[in-house]
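Paired with chain B in one complex and with chain C in the other, chain A is shared by the two complexes that follow.
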Partner chain A sequence: MNALVRNLRVVRRMTAADIAQQSVYRGAWIIFMLANICMPIISLLIWRTALASGAQLPVDERYITTYFVLLGVVTMATSSWMAGFLAQDIRLGKLSSWMIRPASLLAGFVANNLSEKFLKLFALVPMIGIVWWIFRDSMNIPAGPGRWALFAISILLGAMLVFTIDILIASLAFWMDDVSALVQARVIIASVLSGSVVPLALMPEWSRGFVDHQPFRYTVSFPVEIVAGQLTGPELLAGLGFQLGYVVVFAAITRLVWSAGIRAYSAVGA
Partner chain B sequence: MSTLDRTWWHKQWRHLRLWRRFFAQAVVRETHFRAHFLTTLLVGLVQLGLGIVPTLLLFGFTAELHGWSRAEVIALVGVFQIVTGLMATFVAPNLNRMTTYLTEGELDGVLLRPVSSQFYLTLRWINVAELTNVASGVAVLVIGLVQADLSPGAGQIVQAVVLVGTGLVLLTAVWSAMSFLAFWLQSVNPIGFVFLNLMEAGRYPLVFFPVAVRTFLTFAFPVAFATTFPVRALAGDLGWGTVGVGVGLAVVAMLLVRLLWRRGLLTYSSASS
Partner chain C sequence: MTPVHDLPPVIAAHDLTKTYTFHQQRAGLGGALKSLVKRKYETRLAVDRVTFSIGRGEVVGLLGPNGAGKTTTLKMLSGLLYTTSGDLQVLDHTPSDRKHDYLRRIALVMGQKTMLWWDVPAMESLLLHKDMYGLSTAEFDRNVAELAELLEVEHLLNVQVRKTSLGERMKLELMAALVHGPEILFLDEPTIGLDVVAKARVRSFLADVNKLRGTTILITSHDMDDIEALCSRVMIIDHGRLQFDGGLDDLVRTAQPRKLVRATYASPVEADQLNGLDGVSAVEVSGPTVKLEADRERAGFVMEQLTRLGPLVDLDVADADIEDIMRDLFLRRSTLGDAP
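The block that comes next holds the complex of A and B.
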């Protein structure tokens, strides 16, 4: 318990320091977020056109609109970009300098993740606000704070899931020379399976069983579905259960692989 | 004009010869990194496959959208792949370095060379492996055209090729202009992301977008000239008027970018001095 409290304190201090440091590049964050909402807006316009000209979609205009407007926030909030950096630290032996510090090796990465998201949020929220306002007539806004609370919880779980998967891929660098192809593969596969290119609700009937239960759905699509609204009460609970289950399973696997990797780790000079 | 060249034409000819050397060097370089060639090929194919997913899903719900059939949109995805492949081969490796050129002072070394600095900065580096994506784009285009039962004549093919050319020039001009903002902003790496994300709009025919967005995608971010218009030319429903407008816009865009470059250079004060 003591170790946990200490780690949390370290993460908090490092996050604050990171925010101060990163806010120097606030202009860059705004431009980054501008790039981030391009794709959802393009997809939104295309699917609305399809609906307007009579395409028979399994979801209505309100679902599509809410989905793509919120998509940018959720992909940003659950993203993780550490794998390449962590793998590099492992390969070049930089991990050694973290191992002798009195906090978790991952504290730096957690702080980096939190601080960048904090700053990105400031850039992103006004942009999403504008898009929301433009499409306000066809947005699904759930009544009551219940759904929004679940939305927040689900984003948190999704972020943990992506972060864990990212560590898992990076820890393969303990044995492999180059994991960049794996990192790229994860990004490409996840972009389709997580629902960030096309809503999973539009996937063909034959793929339903697989698409609805694979882990990537719980990294982006599921949180958005909570607000965009098609989920019934039992479906919601089951989904959250699945999400929590995936976080626990991946955390366990990652922990195993990571600790095996640390034992195999031999840096130059260590 | 430098004393190296007797006339303006000699100068262009010299730059063309130089560019041929750049290309030859890039090919030799690529043969040293065969794994890079293979991963670029594989990643390109996977991205092409996944990039077609939204189109296929879309036409699972409707047979035709605003006069475009599924086969025609597949042909359009092929053209998109060709254009993005060409940009990734010849332009991206250069404009992605823009920030480094300015912040590390590498521009000093470029300015000292007896070549047009803008030419050198925009076209010096070539990523040959990306040409595989152009090849796969041609394959997808042919598949789309065959499925759509289109057999364009020579005139239509000329129209399409000229339009793709103007589209490339226009998009390069826009990206260059965005990158040259580095003179005033210092770091422009994120601007490259905005460009690439906006490019994605070129995966779909122009008429799939609302009218205001169509204007934006034709004149401000002219991706329409690179993908929609060439395919319409191949389908035979585009006159030479559009081709003329495209060429005119391309010339204007080049002049404007040239002007912006000159203005930017005036503000450059080297990174070391």
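The block that comes next holds the complex of A and C.
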């Protein structure tokens, strides 16, 4: 059987099992979903109030509204929570039970992310739908399907980028005793530089060059900008090129670090 | 040392060596702060130039005290660890390459690590293995039915794993490890923590698997009953070196060259009646009972002499308990023979 087909079957089976397992912990599931939706809605209300109070921003109310309504979906779709789990599996030797089986070691983590998204979609989509309906008259909604298709592609690339960065950070656990500080630092840096807390369009002018080209922009902000913003055709293409480039570069670095890490793996514990 | 098997080897290790590098840190705040600035790294030799081969269908016990290098050896054989030096071939593969064809022909069960998903029934994990190992539905159903019957776990397959007992879980672990029909089964302390009934069931199952499927089994265990019940051959590792490789009987003969003799007479025996009896030691006389150790070669002569001391009620001749032998060996850290 072809290795790709076999691994896809494994991912499908693991995703189904993960959904079954995560369904056991309903309370945690609800809290995670509320966390995903609450922050963008609170931010939306704050920025709309600021605009209504006469704040001078480089973007208008329609941009801000569209941005924060879509933010919950994009953050959920591109997020990954596996760095801490993978690092722990490496440190405690739990990776061993997967290494002795003939499937990609990442299948479990891909499945875990997919199952998380599948479960969150159930509640997130209706909630976003309600917010969308409330603010529908003050949002930028692209007319044709082209932008939505690019939005979907960009979300997929963003998810791959976050996933790859997560594996890279977790892989350092092959050499370091504890990478939780790095994981935490990544979360804090990414929340600012990805545009999850403040839209990158509101960043100071002097930081534009850096902010527009750093990788975290392409994990959240760029997909949202495709719908909410006024990106021109060349800007869109350049952005997608950057996004794809970051995915390829991080994937190559991660593959190198992972391969070296597996050689250094000490499989602690009996 | 002469190998006890003449079967084609499925495992061949030559000068297998593994070293670990780690840093030492003194206890306390001072030690922690010091380690932030300067660390002292040390290298530990876990497995030291070990050479052996194992034939298809053999059941071999890998013994040694804690930290001797048993589990490290098992991890190298199963592909979890890269070797530092030496040659290692298992089923004509280098294990650390972790090729699909290799991984689908082996299984590793670690007594303290689980392969099963905790929150869902074991059947979910078995179905995952069906996909991982590319088993057909017919093959999967047949294997599951056979293993479930042998292990008596039919009623547990659809129960959440976390709701099963330790013994039940180990049976399910074995089932998950064997559902794809591996040619080699590596077992690391498979009966640890189990009660006597569960241990007996697991041992009997493993013996059946070896007999019915011809599965080669390499097992580490601190429970000598596991070893006696399953292994015709044992390898003893200590300080990373292979100290003994041979049959269990050879081990007993080499490590404990004396037989334990216990004779009970119809009436009390005087100690001086045993004076002049050659080749005996550790003589104890208690009323009508005489206990002594006799040289293996002179055991027949000693027994003949004992029959002349008076009317015998009972005569028992035995080898030393394997558990005692191993305890003595580990305490003495003695070298039993030349490592191959």
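Just so it is clear, the second predicted complex is superposed on the first by the 260 of 270 C-alpha atoms of A that agree within 3 Å, B and C clash if a C-alpha of one lies under 4 Å from a C-alpha of the other, contacts with A are read in each partner's own complex, and residues count from 1 in each chain.
Convention: a contact is a pair of C-beta atoms (placed from the backbone, for glycine too) under 8 Å apart; a residue touches a chain by one contact, two chains touch by 3 or more.
What you see is a predicted model; the values in this text were computed from it and never measured.
Novice: After the alignment on chain A, I want to confirm one thing: do chain B and chain C clash, or do they fit together?
Specialist: fit
Novice: Per the contact definition in the header, classify A:197: touching chain B only (first), chain C only (second), both, or neither.
Specialist: A:197 sits against chain B, while chain C stays out of touch.
Novice: Considering only touches as defined above, state whether A:263 meets chain B (first), chain C (second), both or neither.
Specialist: Only chain C; A:263 stays clear of chain B.
Novice: Under the superposition described above, what is the C-alpha centre angle at chain A formed with chain B and chain C, rounded in steps of 10 degrees?
Specialist: Angle at the centre of chain A: 90 degrees.
Novice: In the overlay, answer first, second, both or neither for which of chain B and chain C A:101 touches.
Specialist: In the superposition, A:101 touches chain C alone.
Novice: Applying the touch criterion given at the start, work out whether A:181 contacts chain B, chain C, both or neither, answering first, second, both or neither.
Specialist: So A:181 only meets chain B here.
Novice: Could you say whether A:3 touches chain B, chain C, both of them, or neither, answering first, second, both or neither?
Specialist: second
Novice: Contact-wise, after the overlay, does A:93 reach chain B, chain C, both or neither (first, second, both, neither)?
Specialist: Second partner only.
Novice: Considering only the touch criterion stated at the top, classify A:13 as touching first (chain B), second (chain C), both, or neither.
Specialist: A:13 contacts chain C only, not chain B.
Novice: Answer with first, second, both or neither: which of chain B and chain C does A:55 touch in the superposed model?
Specialist: Only chain B; A:55 stays clear of chain C.
Novice: Now for A:39: first (chain B), second (chain C), both, or neither, which partner does it touch?
Specialist: first
Novice: Nearest approach of chain B to chain C by C-alpha atoms in the superposition, in Å, rounded to an integer.
Specialist: Minimum C-alpha separation, chain B to chain C, in the superposed model is 7 Å.
Novice: Note which residues of chain B are touching chain A in the complex, please.
Specialist: Listed in rising order, the residues of chain B that touch chain A are 39, 43, 46-47, 50, 53-54, 57-58, 60-62, 65-66, 185, 187, 189-191, 193-194, 196-198, 200-201, 204, 208-210, 213.
Novice: In the complex formed with chain A, which residues of chain C make contact?
Specialist: 20, 71, 75, 78-82, 98, 100, 103-104, 106-108, 110-115, 117-120, 124-125, 127-129, 131-134, 188-189
Novice: Help me check something: in the complex, which residues belonging to chain A touch chain C?
Specialist: 1, 3, 6, 9-10, 12-14, 17, 20-21, 24, 93-94, 96-97, 99-103, 263, 265-267, 269-270
Novice: What part of chain A is in contact with chain B in the complex they form?
Specialist: 25, 27-28, 31-32, 34-36, 38-39, 42-43, 45-47, 49-50, 53-57, 181, 184-185, 188, 191-192, 197-198, 202-204
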